[in-house]
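Pasting the structures in now, so scroll down.
After this come two complexes, each holding subunit A, first together with subunit B and then together with subunit C.
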Partner chain A sequence: MAESTVHQSRSRDLDKLLLRPGNLVAPTFEPGAQLRDDLQEYARILVVGAGGLGCELLKDLALSGFKNLEVIDMDRIEVTNLNRQFLFRLEDVGKPKAEVAAKRVMERVSGVNIVPHFCRIEDKDIDFYKDFIIIVLGLDSVEARSYINAVACGFLEYDSDDKPIEETVKPMVDGGTEGFKGHARVIIPGSTPCFECIIWLFPPQVKFPLCTLAETPRTAAHCIEYAHLIKWDEVHSGKTFDPDDPEHMKWVYTEAVKRAELFGIQGVTYSLTQGVVKNIIPAIASTNAIVSAVCTLETLKLVSGCSKTLSNYLTCVEFFLILLYFGISSCPSGCGNHNCLLQYTIHVTESDGIMLTIEMYNGMEGLHIKVTEFVKDKDCLACGPGVLLELDTSVTLQKFIDMLEEHPKLLLSKASVRYRAMNLYMQAPQVLEEMTRSNLNLPLFELMGKVPKDIVHVTGTTSRDDKKTSCLRKLRLVFKGADAVTDQDMAVGA
Partner chain B sequence: MVGEELTEQETALYDRQIRVWGADAQRRLSKSHILVYGMKGTITEFCKNIVLAGVGSLTLVDDRAVTEEALSANFLMPPDENVCSGKTLAELCRDSLNEFNPMVRVSVEKGDLTSFGAEFFDKFDVVVLSFCSLATKKLINERCRKLSKRVSFYTVDCRDCCGEIFVDLQKYNYAMKRQDETTECELQYPSFQEAISVPWRSLPRKVSKLYFAMRVIERFEEAEGRKPGEICIEDLPAVLKLKKEICEAQSLNESHIPNALLERLVMGAREFPPVCAIIGGILGQEVIKAISGKGDPLKNFFFFDSMDGKGIIEDISDPNPKG
Partner chain C sequence: MIGLQRAPYVVILVKMAEEWAKAHGGALPSTRDEKEEFKELLKAGMVTMDEDNYEEAITYSSKVFASQGISSDLLQLIHDSCSEVDSNSSDFWVMVAALKSVEMMLLGLHHDWIDKLLVDFRETEIGQICFSVQLESVRHVLLYEFIVNEGGGEAPLEGSIPDMASSTELYVNLQKIYLEKAEADFLVLQQRVKSILKRIGRDPDSISKAMIKSFCKNARKLKVCRYRLVEDEFSNPAASYLQKYLSDEEYSVAMGFYILLRAVDRFAANYNSFPGQFEGELDEDISRLKTVVVGLLNDLGCNGSTVTEDLINEMCRFGASELHAVAAFIGGIASQEVIKLITKQFVPMVGTFIFNGIDHKSQLLTL
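Coming up: the complex of A and B.
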């Protein structure tokens, strides 16, 4: 038996997973010590976010034997973080999360190296993300996920048979929590749906119509947003509202109370005011612990190819508060007095464009974990082959950048353009802008070495739900008439 | 901490979770007293979660000395042996847990848990046992049930990459919320002894295989006089033989307990860190629900197997309880 002759690693549990073949192994899996040691020595994992999920992720990944971790987070520690971000202490308030988190985990787990990055994810060069075999996300916003998803999927290339090229696939493991609810999912660009493919899964952001706020408020939140979005400007024209300034918050609270009294609405509290204005996400330690651990398990499986990756979406849901998500209220099999295991399968036909398989294990709506399967969108802007643009060989880089703003699928402003490892034009920082400015007047075709077609990556800002967000897109460029010109030349690139 | 209202410090620190379960529940948490036994990976995860949640006090029992094995899977232990030497597992964990939330009183109780009498258990609202023998589970459970006040009782075991939680809330009343309606509910929980005495053939066909497998391992360790987890691959033939005997006695088809699963459990006496975090997280939620009186509690077994990633609740109780 393999175990008696192989040196036991410190984490013998991992040995169990990797030193034996199992029922659910992928065809590529070869059990053995070599695999396990490689995993621990060489795999570089990036954790995005050092908050509720990030702290737990770093701990779990380190304890699971990963030796090379990096973590990126732009925030500093606040008192309200301490109820769940257990790596931080009261005296750490004000310090960068990424740096303290890295330090604490390295103190507790020997042999792991964690490099912290105290900055925004957009501040990193795209090549920074290329070096990691897996990116694990512990984020709290749709925008941030969308950006990282576009970066990771941006590396994806397809071969002439429209199959994803394996070396360009960069998997992500995405976790998210809110109160007792949480999810964990695996994204393998080119195979599973990416974040953009099923962005419709997220409930729409709550936005109150202005007329409701101005004329017909019904809830405490309406009163608060009236004070925050309308009354503030009327009274303090010119002065920007600062949610971190207690005086500003108190003012909004007082106004909201007045308005609520006027309309006979209950429930305006200072705490609710803060919650609505700052869009506070309620959060507890245990949900973060569970979701992070599930993400860690999936990361282990992905890296070692040793078990069929959980059908790409695991949701751990706690019916503590009323759950609008599923609307299932009683056991459909109608079993009488005992709360047995109930299992049923729902199939949604492909005419809807999606295929869902849901298996639910539900004991009187206590706690359940379900596994769901989704299908990727072949025209996805992030993980698809990329928006196709046909260009004349005479089109300049400047003209190309202007076109991106108008293109209906992109609407991308202030674009920076990158081809292979080269920055063709960078809007920022100033030094790079000056260096690349001269490229703007040159034909893009020439800047790309006269290839008839290839992929470029563009970054810029776009509008989503009336909010400006950073955006990255992969574009397939085809130069009209170029084939005839370069037939005799060696083609460069795919 | 002990007063009726939350202090300003508590309100600031617990803001994000008060938004989840309310100030009332937070107050009840801050008055609760928890006892845990067996400071292995899953329990330390559980302790982290409830200390962060702000329980009143946490008492740890584990007189074992620190080992290298404990250090590698247990986040509460600094890897420096100099810091560890001379201390028991419970003492080391107490020092770390204090750091997570200075407002929670974390203490250590030394001695054999089975020798403590009713007055001892009466001090607690929640008792959690980890890596206990069958006999100890039954004994402590009965001792808790004999008290006039309700002591919520839990056992937890993680082996290989699987986990099992057992819950006994005795008679439990709570308000169940569905859509906009609230209904008063009463649940009647069996004791551990009662639950495992339910004849196997009367259980639903699709009951988790892990339930049966854990019972076989439990019986084996008891029959051989082993400590929990004191089992290895050489024991597998004897375990399989025992499985056959039990299945026959219970008129249960042997296919309900795959040999491969038993093999995994026999070889995997050690815990796996991510599974500890999942089970410790779920256990944390259950204890918080029981203390706060909010939310639907789990009844009465929970199983998790990371090979398929599924978490299953099983209600294993006599369908016709007496009384």
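Coming up: the complex of A and C.
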């Protein structure tokens, strides 16, 4: 006896969007089973971060038709993560986030494959990032975003008409949250502004000037940071302060109290001490859910074209640079909150570049969702054509590396140099350093096969806001007199 | 300007503003040029190049030009009909009523300013009416009228100040001054609350000190959220709003989806399936859905308005599908609101939120 049950496809809901044509879709949209199958088989997505956003992203992407995911995170699970990083349990504390997250999602969603990477983003070769169709970011720092942005934009090349070459474009979807607030944005290097183009939007991180800490403290936080940053070294010279060691924390608290008493300042508590020293920003599960959901939707739309995306909704005709003063009058604490992107206004102007649209979410005062548009910086260090350097053909690799430290736009120390698929010089690990050391005395021109001009990528450390961060830059090198040399060679050859 | 080298920027701004006002007949900088000039004066006051407090003064000089008085939100609040309290009124409205009556006392105006006000108003209608009355009551009436009509007056001081570049001693002193004024404002309000409670027949101590303090602290952020029953909104959404939203470019897609979501429900009731649910019937469903939409708009009192073809087609294309990401988003928003309500923090959402995952012109609709 035959059963007449209709087999419900797991993909029933997604199929409506992927298999059916529509009017509000991307211009390149080709509906059909092929699209759905390609999404599953060929689309590889990298999720950077396996924390609050990362867990949500992995779940959302796995349930949105993507079967090949990878996740990278250098942290281990802590007890304080458990209120929102829902893939983790108490018994997982201490284990690497990326590995546990991958395992849990694979247990729940059959057919999905997630490769975890328990390491720093800088530890991966640049080529690692090349294989992904989209990189989705669930990060919690400006530095990390800046680095990944530089890597993704580093792949970008321009043709002779200054148009981005499509195959070299590596889109990113970036999400961020803080308390009740969050944002999601789509970055298409070469078209929309990249992270570096609009990095000025971020207000500088709260840093207390040393003289305030040392001489004129006014707030409880100043007293705490005095104990943490100044007094600790004076008393425990050599020993590193460990914020997770309760004895260390207690010591800082006691010293902070003493200092506060000395200056008549109120408000030093143990809990504030922890908050200031660890830079704790409260995290709410629902905000992460919301922002990740938007990021996932955008990723789905970007890869499949099944609907218009944040980045290309407006047609060329309708371009305006709009930044509405998003919610500042409704920011409850009078916007003493220095961590919101809401503080800036830009004037309304016209532009002929494609704009970045950011969806910003503010859940504190009622509910505000605003889409704002920005313009790419054509001289951007990350997504522009790259800093131009003119060099003599005689310049050695060592001299080139030294130059990078002094160059005003770069200020890059301990540089490693990569040309096409070759490591010309690597500062680390030791094995590679030894292998490439001999290149240092050779002319860079020769190492690059005597091309008159080409692109190299350099990685190293630079200083941002008095903090050392990893940095990657794309450089356009032009060798002076090189054309003449090759002509000569040809003449000789003939 | 000697003596201000280590002073917090607030002090610098107040002194500079006073000097300006003296030289400009009591007015503060208002035109763009005047504001620039004011900033230049600040710069001129710097002795060395890197005085943080002067730099902060320049950065925050806009506080001097900002319009004074209470916000329109607060003004609306004190004019709300609920602020006419009786024995049934809630503690919140009793405190609002106290705020209203106390506004005049919190102006903190100098006497010569009041006299100037009296002189200016003597020729006006208000002045004529009041001039025959006792001086003190004149002050009260005039000030009240001024505050209520002109929007002057200030809400009770919150008391806390942000960090500012300054010597410790001056900063701590400034903090004390603000805290004292906040305490004084609180005491005034507390007094008024007690007397209103007595007047309406309640125990004058029935609103706690902590509650009144909290009210004062948050006076600048007070908000009243009024909600319609879901049933009311469903059976009787405000037609004028519907029409307005449908014709406004920013709102039309969100509003269109609102209509469509309701039309889809109606469709399902009529046809026992959702539009676009089954492959073969897509085209038919589009025209059926369109008919339902027109009928619905009629019933809602919006015969002239339309929902675009594109949206109707898209709705059928969706075929009642549920994408995980959209569900996660809505779930996140809803739980966000629950958290706010349970923890009694921040401001809950008022209205109907329509998520638009296409171009993200999602909107909060008041219907």
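Operating definition for what follows: the second predicted complex is superposed on the first by the 419 of 494 C-alpha atoms of A that agree within 3 Å, B and C clash if a C-alpha of one lies under 4 Å from a C-alpha of the other, contacts with A are read in each partner's own complex, and residues count from 1 in each chain.
The working rule: contacts are C-beta pairs under 8 Å (C-beta built on N, C-alpha and C of every residue); 3 or more make two chains touch, one makes a residue touch a chain.
As the structure is a prediction and not an experimental result, all values here were calculated from the model.
Looking at the shared chain after the overlay, A:A283 reaches subunit B, while subunit C stays out of its contact range.
Of the two partner chains placed by the overlay, neither subunit B nor subunit C lies in contact with A:G481. Contact with subunit C, but none with subunit B, is seen for A:T219 once the two complexes are overlaid on the shared chain. In the superposition on chain A, A:G267 makes contact with neither subunit B nor subunit C.
Comparing subunit B with subunit C, the partner in contact with more residues of subunit A is B.
Judged by the touch definition given at the top, the superposed model places A:P243 against neither subunit B nor subunit C. Once the two complexes are overlaid on the shared chain, A:R108 sits against subunit B while remaining clear of subunit C. Once the two complexes are laid over each other on the shared chain, residue contacts for A:R84 go to subunit B alone; subunit C is not touched. Common to the subunit B and subunit C contact sets on subunit A are residues 12-14, 16-17, 22-24, 56, 60, 63-64, 180, 284-290, 292-294, 296-297, 300, 307, 310, 359, 363-367, 369, 371. Listed in rising order, the residues of subunit A touching subunit C in the complex are 12-17, 20-24, 56, 60, 63-64, 180, 209, 212, 216-219, 222, 263-265, 284-290, 292-294, 296-297, 300, 307-308, 310, 313, 332, 334, 336, 357, 359, 363-367, 369, 371.
Contact residues on subunit B toward subunit A in their complex (touch as defined above): 12-21, 45, 48-49, 52-54, 72-73, 75, 77-79, 99-102, 160-161, 177-180, 204, 206-208, 233, 260, 264, 267-268, 270-278, 280-282, 284-285, 288-289, 294-299, 302, 304, 306-315, 317, 319. Contact residues of subunit A toward subunit B in the complex are 1, 10-14, 16-17, 22-24, 56, 59-60, 63-64, 79-80, 82-84, 86, 89-90, 107-110, 179-180, 271, 275, 280-290, 292-294, 296-297, 300, 307, 310, 314, 316, 318-322, 329, 337-341, 343, 359, 361-369, 371.
Put simply, subunit C touches subunit A in their complex at residues 52, 162-168, 171-172, 220-221, 276, 282, 309-310, 313-314, 317-319, 321-326, 328-329, 331-333, 335-337, 339-340, 346-350, 353, 357-364.
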